[in-house]
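Across the two complexes that follow, chain A remains constant while its partner is chain B and subsequently chain C.
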Partner chain A sequence: MAMLSNRRKSALVAYSLVAPFVICFVIFFVWPTIHVIQMSFTDAPLLGGGSWVGLANYKKLLSDKLFYTSIVNNGYFVLLTVIPTTIIALLIALMVNRLRGGLQAFVLVIFFLPYVLPVSVVTQIWLWMLDFQYGVLQPAIAFFTGKPVAVFRNPHWVMPMLAVVTIWWTNGFNVLLFIAGLRNISPELYEAAALDGATPRQRFWRVTWPLLWPVTALVLTLQLILQLKLFDQVYLTSAGGPFNSSYVLLLMLYREAFQLNHGGYGSAIALVLVVLIAVISVLQFQILRIRSAR
Partner chain B sequence: MRGNRIENWVLTAATLIAAAVWFFPLYWSIVTSLRTDESVITSPGLLLDQFHLASFYNALFNTKLLTWYLNSIGTAVIITAIVILFSMMCAYAISQLRFPGRKLLYGAILASFMIPIPALYVAQFVLMNNFGWVNSWAGIIAPQLIVPVVIIIYKQFFDAVPKEMREAVVLDGGGEYTLLFKVFLPLNWGITTALAIITFIGAWNNFWWPFLIVTSEEKMTIPVGITQVNDVFGVAYARIMAAALLAAMPVVVAYLVFQRRVTEAVMISSGVKG
Partner chain C sequence: MKRLLKAAAAAAMLVASAGIAAAETQNVVWWDFLGGGDGVRMKALIADFNKEHPDIQIQATTLQWGVPFYTKVRTSAGVGEGPDVMTYHLSRVPIALSEGVLSPITDEDLANAGLKKEDFFPRAIEAASSDGQLYAVPFDIHAVILYYNRDLLKGTPYLDADGKLTGINNLDDFNKALQAMKDKGVEVPLSIATADVSGGTVWRAFYTLLSQQGGQLIVGNEVLPGDNEAKAVKAVKILADWRAADLIPEQTAYPASVALFSAGKAAFHFNGVWEVPTFTDLHKKGSLGDWSATVFPTLLDQPATWADSHSFAIPKEAGKETDPAKRKAVMEVIGWMEKHALRWADAGHIPAYLPVATSAEYKAMEPNAAYAPLAEHAAYDPRSTIAGVASPVYDAALNIIEPAIDGLLSPEDAVAQMKEQLQPLLN
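Showing the complex of A and B:
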């Protein structure tokens, strides 16, 4: 009897400990998740009720040209960022890892610093550096093209430039992960490889690369998901233009739900994104795991 | 050996050059902010040649920057405090106590990881509107209180606390709250600081949600506010850069002061170091 009441008492204490989080979680996360699913089957505006329309929003989405434009642009941006940032981060990590003591800490701070900046600070700085008339980078651009380019108003330049800005901003995070991975590799392995007369190149491909692979896979996965969620940088620089050449899924969600007041349609877009990210991350996880098992 | 040394120097030099390139955007924003608006356009030299603080003065006192600062500091501090406290309590219960629903709760927390938060913005906006929280601190704060990764990390750290510590306190008649705040928390100050700093930086830097939920200039956070100064200033890049640097300053200082902690938190939260 005493045991039972003790147990009940300890369960009560446990509930009192989890309650504050659980209440927030249910109200601000679980309920919105359910509500966004509900809304996606209605013709509701952003605020106020709508009527049930079944799968109409999803059908509309599948015949919406802008949806395909967005998917293509999202894919293009992923291509421009994920693998390049992984390679750049790995190179930087290898370079920084060679340095010692204070110099290493100093250089690492420089590479990581942009990552802690608010996105609007990042875009303000790059908008200024790329300003058509007075931008400090325009001479460099003119060197290659013969004339200055309004990069965020040019359909060919906008996505690559957004990729550059994004890589500059977020790369430090990946550098840190690679450095952690490099530090986990035992120096004895390198000593053994050196004793066996391995060249630096062999040391990299036979020791560093395979042992670092779990971290590389992690970086690729995190980057893929992160870059699919592209919104802030686009909204603050090109706003999806010109001619929708930087229009992406989350921008479509924003425009439909918050500017055109199509709450139901916007919710359908949101759910497609959720499914897309879930499917891609599961797929990628499986593929990368197979590679690492080989 | 000699060849090796030269190679070493070349690699180090290359690293420093890469770092200089990486730092250039920030350097350029600092140089610009210290020039006058006219000389930004007329004297485009690359070197730091002027030291005018007028743009900072302008940004601070001719815009609502101080109000935005207050909103950012207030909301980010409240978010950090609540996230840390609630997550710590929840993680403690999941890690140390057995109660019906424990597995379900932890499963739900892990699953919530998969959902990209912006997908919920439509419904969260509806909710905030129902509560009458549009254009308020409460509206900015509420949806940012869910940071599942903080719970997951706390759970890992609490799991690693030796059982004996727990038993000793229980024998002395201490309850769970005593255990949490007198034993588990002091043992985990390091990770608590690290988590608090990255939560703070994340909350400070959040752009999209505060941008959605706030329309009045009086309630904007600083990352949202500085996108408004373009309209106020026109093309006045010295002032725009000064405002941007002021917006970034608190997080940059927080990072520089707690550099080691931030690094640790990033590594732990992505699971490369535990």
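Showing the complex of A and C:
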């Protein structure tokens, strides 16, 4: 009897401890999500109710040329960022890992610094450096192309350049994850491998790479989700242009919802993006798991 | 200790008197989007109003121009938390009406402000009304004008004896003038912000050239129907040709386009009236030589100049009773501002209020008075929910016309893409 009441008591305590989180989560996440789903089936403006239109928003979206342009651009951006940023972060982490003490901390800080900056500052820095008339990087570009290029106004340059800016900005965090992963690998394994006569290359591919794989998979998945949500950099540099060559789903969502006051259609775009991200990241994670199970 | 007590007593009295004052005064919450040089002038006007009116105090907040401002107005009015009065672009009136965010301005309101509809430029009243009902009180007309550098033009046939621009009556004349400047070794014959991140400058240039052909961007529910398409192509082509002939500089951001003129490197500059104070100040400091500005010449069939207006509007607040005393105070603010618009004209804008615009003081202002006649043929943005400041039409200018000017897209393709992009938004 005493045990029963004790259990009930502890359950009560447990509930009361999780309650603040659950209540906040329901009010600020679950409830709006339900609303967005509901709104996507209406013709509601951004504020106030609308009437039920069934699947009309989704049908409209599937026949919208801009939707496909956006998906292609989103895909292109993922290709340009996810794997490159992972490789670069790994290389930097391997190098930083060889440093010791204060120097290591200092170098880490330098690589991490851009990540601390707000996106508006990041894009402003790059807009200045790449300014068509005065940018310090224009001579470097001119060296290869023969003349300066207004990179954010050029359909061929805009996406790769956005990828460069994004990698520069977000790489520090990935480096940190890799450093943590590298520190988790026991030095004895390297000692044993060295005793068995493994070359540095073999030590990397046979010890570091497989043991680091969970971190690599994590970085790849996080990056995929993050880069599919591309918006700020585009909004602040190219605004989707020139002629939609950097138009992405979230920009479409922003314009529909906030500029054109189409809350219902905007919600439909948001939901499609959520589903896309969920499906792609689950797929990717499964593929990565198979790879690690081998 | 005694001193401390004295100070405490003084503080208490101050608080008490502030309390009494607060009970008597009407606080008018004011939102604007004026962050530039004109914002400074507006803040001075507001400060003076507050000084003159102990019973009405304006509490002003300046917000981010463009989509952020208009989104905030829409959402705050929707929950009854909007300002008492706000600045509004007249080009945004159609979209505002579709959103239902503006409270109609009645004749009684106008009377409370000491104003009449007849006191304003008819074009501005027209842009501020729908079906004869007024929704905003126009404050100014701001348009694009042609700035010119007299030092560079000296000795050419394009300046008359008074130093006024002359002899530019069609596109050919203008091209010749630009070419003459180039041949003379002027670095930039015409500076124009072709890489303006808001898309504004390109839109204004395009729309001015379209309107000068009598073209219309939107007719009924159609984007560029009939021969309007060909006219739009011609407008884009004129801009692209200037670039191809190197008469306008490549990829110029807005500040750079201003800097080229203020540094004396550009003979002509295409921009809005709001840069007049910039150049006036620079001339006073001696860094800019002899300059002036005039109505953008008629290059094509008829005079027309892109224009918009700043106006005052009152949001329609959801679920909130209007307080007549507050509304009267708001109208008093608007009336006072209109009557002191001469100081707003100092920011380059043409006062929409005729008693000021026709006053001797205004006519003495140079170069303001020289370009004031453009108010007669002001071409406001198309009356449509997809046009106006920070609208899809502005985006299209940035997204499609700009690359066409730089030769990345033919004018025909650009106009076709523009139609393709804007038409679905109207359906």
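Basically, the second predicted complex is superposed on the first by the 271 of 294 C-alpha atoms of A that agree within 3 Å, B and C clash if a C-alpha of one lies under 4 Å from a C-alpha of the other, contacts with A are read in each partner's own complex, and residues count from 1 in each chain.
We adopt the following convention: contacts are C-beta pairs under 8 Å (C-beta built on N, C-alpha and C of every residue); 3 or more make two chains touch, one makes a residue touch a chain.
Computed from a prediction, not measured in an experiment: that's the story for all the values here.
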{"item": "Which of chain B and chain C A:L253 touches, first, second, both or neither", "value": "first"}
{"item": "Chain B versus chain C as contact partner of A:L46, first or second or both or neither", "value": "both"}
{"item": "Touched partner set for A:D131, first chain B, second chain C, both or neither", "value": "both"}
{"item": "Per-residue contact with chain A, leading partner among chain C and chain B", "value": "B"}
{"item": "Chain B versus chain C as contact partner of A:L218, first or second or both or neither", "value": "first"}
{"item": "Which of chain B and chain C A:M95 touches, first, second, both or neither", "value": "first"}
{"item": "Chain B versus chain C as contact partner of A:Y68, first or second or both or neither", "value": "neither"}
{"item": "Touched partner set for A:F285, first chain B, second chain C, both or neither", "value": "neither"}
{"item": "Which of chain B and chain C A:W209 touches, first, second, both or neither", "value": "neither"}
{"item": "Chain A residues contacted in one complex by chain B, in the other by chain C", "value": "46-47, 131, 133, 258"}
{"item": "Touching residues on chain B, where the partner in the complex is chain A", "value": "8, 11-12, 14-16, 18-19, 22-23, 25-26, 28-29, 32, 40-41, 44, 46, 85-87, 89-90, 92-94, 97-100, 102, 105, 108-109, 112, 114-116, 118-127, 129, 142-143, 145-146, 151, 175-177, 180, 201, 204-205, 207-208, 212, 222-224, 226-227, 237, 240-241, 243-245, 247-248, 251-252, 254-256, 259, 262-263, 266-267, 270-273"}
{"item": "Interfacial residue positions of chain A with respect to chain B in the complex", "value": "10-11, 13-15, 17-18, 20-22, 24-25, 27-33, 35-36, 39, 46-47, 92, 95-96, 98-99, 105, 107-114, 116-121, 124-126, 128-129, 131, 133-134, 136, 168, 173, 176-177, 180-181, 184, 215, 218, 222, 225, 228-229, 231-232, 235-236, 250, 253, 257-258, 263, 266-267, 270-271, 273-274, 277-278, 281"}
{"item": "Footprint of chain C on chain A - complex, ascending", "value": "45-48, 64-66, 131-133, 150, 153-155, 239-244, 255, 258-261"}
{"item": "Footprint of chain A on chain C - complex, ascending", "value": "67, 71, 74-75, 78-79, 95, 98-99, 195, 197, 199, 250-253, 256, 385-386, 390-392, 395, 398-400, 402-403, 406, 408-409, 414, 417, 420-421, 424-425"}
